[in-house]
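Two complexes are shown next, each including chain A; its partner changes from chain B in the first to chain C in the second.
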Partner chain A sequence: MNFRRFGISLIAPLLGVVISVAVTSVILVAINANVGDVFSSMIRYGTSPRAMTLILNLATTYFLSALAVAIGFKMNLFNIGVNGQYVLGAVAAGAVAGALTLPKIPSVIITILVAMVVGAAWAGIAAWLKVARGVSEVISTIMLNFIAIAIISYVIVRTSVGHETSLNVRGTKEIAESGMLRGLALLDEGTKIYGFFFISIFIGIAYWFILNRTRFGYDLRATGHSASAARTSGIDARRMTVVTMLLSGAIAGLVGLPYLLGEAASYNLNFPTDWGFTGIAIALLGRNNPVGIAVGALLWAFLDVASGQLILEGIPREITTIMQGLIVIVVVISYEIVRRRQLTTEQTRVAKALEAQGVSA
Partner chain B sequence: MNIMRQQRLLGIFGVAIAILSITRTFTHNPDLTSAVTVSQALGFAVPIGLAGLAGIWSERAGVVNIGLEGMMILGTFGAGWAGYQWGAWAGLLAGIVMGAFGGLLLAIASVTFGVDQIIAGTAVNLLATGLTKFLAILLFTDVVGGGQAQSPPIKGTLPSFTIEAISSPLIALHAKDIFIVSDVAGVVAGLFFHLSILTVITVALFVFTAWLLWKTRFGLRLRSAGENPWAADSLGVNVNRYKYMAVTFSGLLAGLGGAYLAIAATIYRNGQTAGRGFIGLATMIFGNWRPGGTGAGAIMFGYIDTLRLIDSDNKNVRGLILLGALVLFVIAAAMIRTSRRATGIGFLLLGGVMIGGFMAASNFPPEVAQVAPYITTLLVLATASQNLRPPAADGVPFRKGEGH
Partner chain C sequence: MSQNVAAVELKGIWKRFPGVIANSDINLKVEPGTVHAIVGENGAGKSTLMKILYGMQKPDEGTISINGTELSFASPSDAIDAGIGMVHQHFMLADNFTVLENIVLGSEPRKGLSLNFDKARADISAISSENGLEVDPDALVADLGVGDRQRIEILKVLYRGAKILILDEPTAVLVPHEVHELFDTLRDLKKAGNTIIFISHKLDEVLSIADEITVIRRGTTVGSVNPHTQEVSAQDLAVMMVGSELPTPETRGDTIRDEVVLAVENLTVLASGGKPIVDNISFQIRSGEILGIAGVEGNGQAEILDALMGLENSTGTVHFKKEDISNMSTRNRRELGIGFIPEDRHRQALLLTAPLWENRMLGHQTLAPNSNGFLLTPGAAKDDTKRIVEEFDVRTPGIDVLASALSGGNQQKLIVGREMSGEPKLLIAAHPTRGIDVGAQAAIWDHLRHAREAGLAVLLISADLDELIGLSDTIKVLLRGAFVADANPATVTPEQLGTAMTGAGKVSA
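Presenting the complex of A and B:
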């Protein structure tokens, strides 16, 4: 491990947090709130066992979403379509799981597979458009997101897949207890850590392993660094695009499952539909590294959960959304500055070395 | 404008009217070409068109603008905040300023700091959503008529005109149900029926953009920043300054589009833009990064939106399906003639399937119309990519003194 590089990669996120806390403090002062009280109450609540459980659960969702985005980023593919992929995956998984009457393990495995296949298929459309027709995946996935939302509202409102659920909104048929993964109450007696929390740790390890320890991962990173160099060395870039997009979609398909199987039991019309964008932000914070993403997901989830406490202080909880936006902007800007600085240092170093050897530039 | 282009435009207009007329006759649905529909479609086209025009400004200078949605959101908020206090015109102004601020933010991140443009745009969207929700709670909750997620009603509206002398006789003619004649009457009447001043301003902005970007030295320089910034730089163009101006003006236009939405609804609401910034982006692509095509795309998407929303007896969406199939047939014929046979036959088949659906079912869910703009964009991208020509350096970061 190169400690210098490690240190540099920490500067940006720390800067992001510091600046966003500073700006938030200014806003809080401007609206006559007690800055110290606000942050201490967020931290006090955020470290209670119940809140920590909620944070882990939400972070699980964010982690998966960010991984799906990150695997594309590694290859310079922008999968903006995680939203569409996960809502379709979750609806299909919810409908299938609701119809199953199997023991827990086969039922959950089938549910997971359905979600992954549907997510991958939806991403596959964008992959095909890119490879066969040269359509930018940024635009096609944005369009596919809107189409997915419309499909879901159609399926749930107008077909027999949708039922009146106990919450008085239409949704897929509720999944039987045997099909759920409610998880374990490890930290807090009343709240369980989703079963998917543990599965997502495994997925994170698999992501790291595939990217860093397999031929495929090497090809993927090589294509991301330089598509032309990769092509010259015999990597089929089109195939890589398709496979990466399908993998990204398959992981994206899982994003809705922690909540679906851990709590909701039914995909209804109130199911959140914007976790994909959160994933983009967190993948950027974590620099596509699974550990970095995990930290970013926890930070994001902490802000989301702890913000619920702000209402008691008489402050809109959306202040944390502003914090999140600021963190992202500051972090991407500082990463870019650091990258440029490194590039110049590197160039100077090489130039000096050449000079020392008597080679003139 | 040269004569060939004029003839082509007239030809397209004629075919469009003929298709509309055939569809209206077949579906017995006068709504398809009524003055009310056309007038509303123009209204719906305004925010989409402004977002598309905003996209043109930014991308012509080489900055991909995914942040249009966020800038529109800022525009809706500005209009709500200033509008409930000082009236619609003040709201419009505040919306413009807020939108331009969003554009400036994108310019700072992507031009000065060289952050990837798509990432910067996504960040603008996140920040705009958070900021407006936060400010809405802070500024609207305790005001009479306001709420946590909406502003108090905006005072007054923008003026709109109806020229009775033209519209009334034409509306009467439309009611007579004469093939082609009634449809032309309906469409023309729609142009003089509740025409908002902002529709006029929008059309003027389109003409202004077409002139400024394609006929002036300023425009040439701005576009050169999007085509080949290195060459432009070597000729002494201050590329980054042009990018700044373009992206900020892009935000201004998107903000204007957002402000229009809020003022038309006489209120600001969270989530009011409902993805129109992204539809604007789609419209820009549909229009091949040019004002004329983008304007036409906006009117088309606005028309589809209108038919979906005024669909009282579930007939309009079915009409749209027939309409779409006929359009596909015309395009297919043109393609087969110009020896793009495979795509042409594909379109023919798709049109056939739609006709089949039209015959088989008596009504369709509104979701079909809801996805039409997105599917159209995907179809255009997938089949016409060799005719589409985005700016060559669109999305490529430019650093002075660095090669590429």
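Presenting the complex of A and C:
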């Protein structure tokens, strides 16, 4: 029966990919592009060792971002503030790591802790506003994103945290090689798989374990299933809100680190600041399940990396943005349809099984 | 109107769902201008039958005739065209609209591009006065009580031209005086020439309003009676419904011990306006004692339970086995061994979208067999869920199915089984057998009796006065948040208790 549920849960993402490929094909035909060429070149490029390494690296970032969102989703808490949480976490981690002169392991551990604490603290503001003042976390986290961006601009441009970096933009002091986690060149000789790729696998397992095997995870999921039943069962809703938001913020704080420690070495003003929104889309795609999120992150990263190839073919790279958007819409809609059907088929199935046993429900 | 042609006639209706026969050979004849009641246990097939009549489902076999014409409904709009209207149990009204706006919603009269509210107002007042349904068309629905909302639902249906009204368990949400008002309305509707199909399982109500009663058992019509010409009692109907004599809840024999399990002093709960909704009440429950609280719903029962579970702010002191728990969290109270069967099982007691074994953990997730406090122990929890399914006769193909897939009665059995697990010292139970079929009800009473003999203290709230009198060792009557009388369950009758609940009379102690 669990295979049944698993099979059903695959329908939606497959449908999403199929429909998005179909619609994209129509658009490609409309702009007089050769549909077959476009897709085959995307796949050809996307399966090259270098591209696959880039995909794994980008997917690592997306995976962490989506986990941060998903842990909130699990209890119907919408942390839209991953952006703000990770940029602040990355700046703080970058500044601290830049100042450290320690061996690799302690240096990296301290960097990670700083990022998590800063991310959690920033999310904690939204948690406090929600439990103490009743402010919706959706509103407060969105606002906190803007504030976070303004703060880091100020800190980097106006304070001693900012330095001129080798790229001629202001950023945090460059991290010494001993503080970096550049990773391993497993697939391609010239590019390394970020060290954080391996750490994020561990985080994914921890996420699954906490949610499914600990009492805290049960409380969190129960609150997501039914807030009123959870309260009656003795779960303190305010405490759960605070703890979950802090956890979400702590994971969010890590989102910038794969890139920071694997490549950038400095948080500068060119650092991407919108990975949090990608995380929301991927959490929806992966249905808050770590394996689903991993697959969603890889798919998303594949489209992003392959889009670079499209420009060479003379095709606008926005084609992949359209594909990503379509996949999310189709998947979200079909999940909802599947969920509703599943509830009724389950009822029918139970009635049928009871009939077979010769009892009436 | 010809008296020979039935308003509604169903012949040989069959409806099968995969693996289930919901209706088999249903035959029903409803005379025009009458109130025709359809009674049956939960799950007997009443709702399926009504869905067929209202066009929401198609029968596999059989015919539907309305006023002598055979019709086939593809959707509810066909049924509405044929003059059939459905008043659902759960109201479907927009709170921030006025009564008038709610009634016309979906079939607004138009004048060009704009809505013709003058015509709507005239039509509605004509329908209201014709049928004795008084409502202020400009009142905001949010400000209205349940009885008024129901009248609006009926008006909505009449406004769409219905002459045959189906009312699905209309009294389930009403307090007794509202039920009287509803019945007056139904009599007026009947006088105005409407036909009413009244679905219920409250037999006393059915006997007082219906001109004809059809009983459904296990998906088929087992008979019709006319209470005007035949001598029928609620007991007779119940026997037709279940096919056997009704069991009665009897717990005689004194099992009360000395140890006071729950001692409540000066408990007060304030409503949001500052008015006391539970007003300075005190009571004790001893080991082996069942204390019943009788009262019309809404007199503070729910608030007492919530306050005792730490879900509601209250003043006063609560001692559990000499320990002051007045300021303890809900979780700690549960951990001490207080079981809780709340009033609203869907909202408060179940995770409908989670499997049964995860529901077994709910409220007990900090204790064995569900967890060791930090890590869950799913294996042990699953085994214990199987035990509950076995002991409490929860009818399910397995413990991995979602709670929403079980019928209401089986969900309740799971909840009762869960709350009686782990040897609780105190059980706080609201309507423990509400919505459960007769056989399962008797089983739950048995479990309660055994636990009481073993020393369980129970605070029981039930709208079923027979159950309350039969199970309780002591009964207190609650009115407007305060105890107004004590009753001796050995001698009190449901009628006396009912009178005391409305504050009209005293009961002998």
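Here is the rule we use: the second predicted complex is superposed on the first by the 344 of 361 C-alpha atoms of A that agree within 3 Å, B and C clash if a C-alpha of one lies under 4 Å from a C-alpha of the other, contacts with A are read in each partner's own complex, and residues count from 1 in each chain.
Here is the rule we go by: a residue touches a chain if its C-beta (ideal position, glycine included) is under 8 Å from a C-beta of that chain, and two chains touch if they have at least 3 such contacts.
These numbers come from a predicted model, not from an experiment.
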In the superposed arrangement, does A:T214 touch chain B (first), chain C (second), both or neither? second
For A:E189, decide between first (touching chain B), second (touching chain C), both and neither. neither
Applying the touch criterion given at the start, work out whether A:E164 contacts chain B, chain C, both or neither, answering first, second, both or neither. neither
Going by the contact rule set out at the top, does A:P316 touch chain B (first), chain C (second), both, or neither? first
For A:I142, select first, second, both or neither according to whether it touches chain B, chain C, the two together, or no partner. first
A:D37 contacts which: chain B (first), chain C (second), both, neither? neither
If I apply the document's touch criterion, which positions on chain A are contacted by chain B in one structure and by chain C in the other? none
Mind pulling up the chain A residues that touch chain C in the complex? 1-2, 212-219, 221-222, 225-226, 228-236, 343, 346-357, 359-361
Complex interface listing, chain C residues touching chain A: 17-20, 43, 218, 309, 311, 329-334, 340, 342, 347-354, 358, 361-363, 365-366, 371, 373-376, 378, 395-398, 400-402, 404-407, 410
Could you please specify the touching residues of chain A with respect to chain B in the complex? 31, 78, 80, 129, 133-135, 138-140, 142-144, 146-147, 150-151, 153-154, 158, 277, 280-281, 284, 316, 318-319, 321-322, 324-326, 328-329, 332-333, 336-337, 340
Touching chain A in the complex, chain B uses residues 64, 66, 105, 109, 113-116, 118-120, 122-123, 125-127, 129-131, 133-134, 137-138, 275, 278, 281-282, 285, 365, 367, 370-371, 374-375, 377-378, 381-383, 385
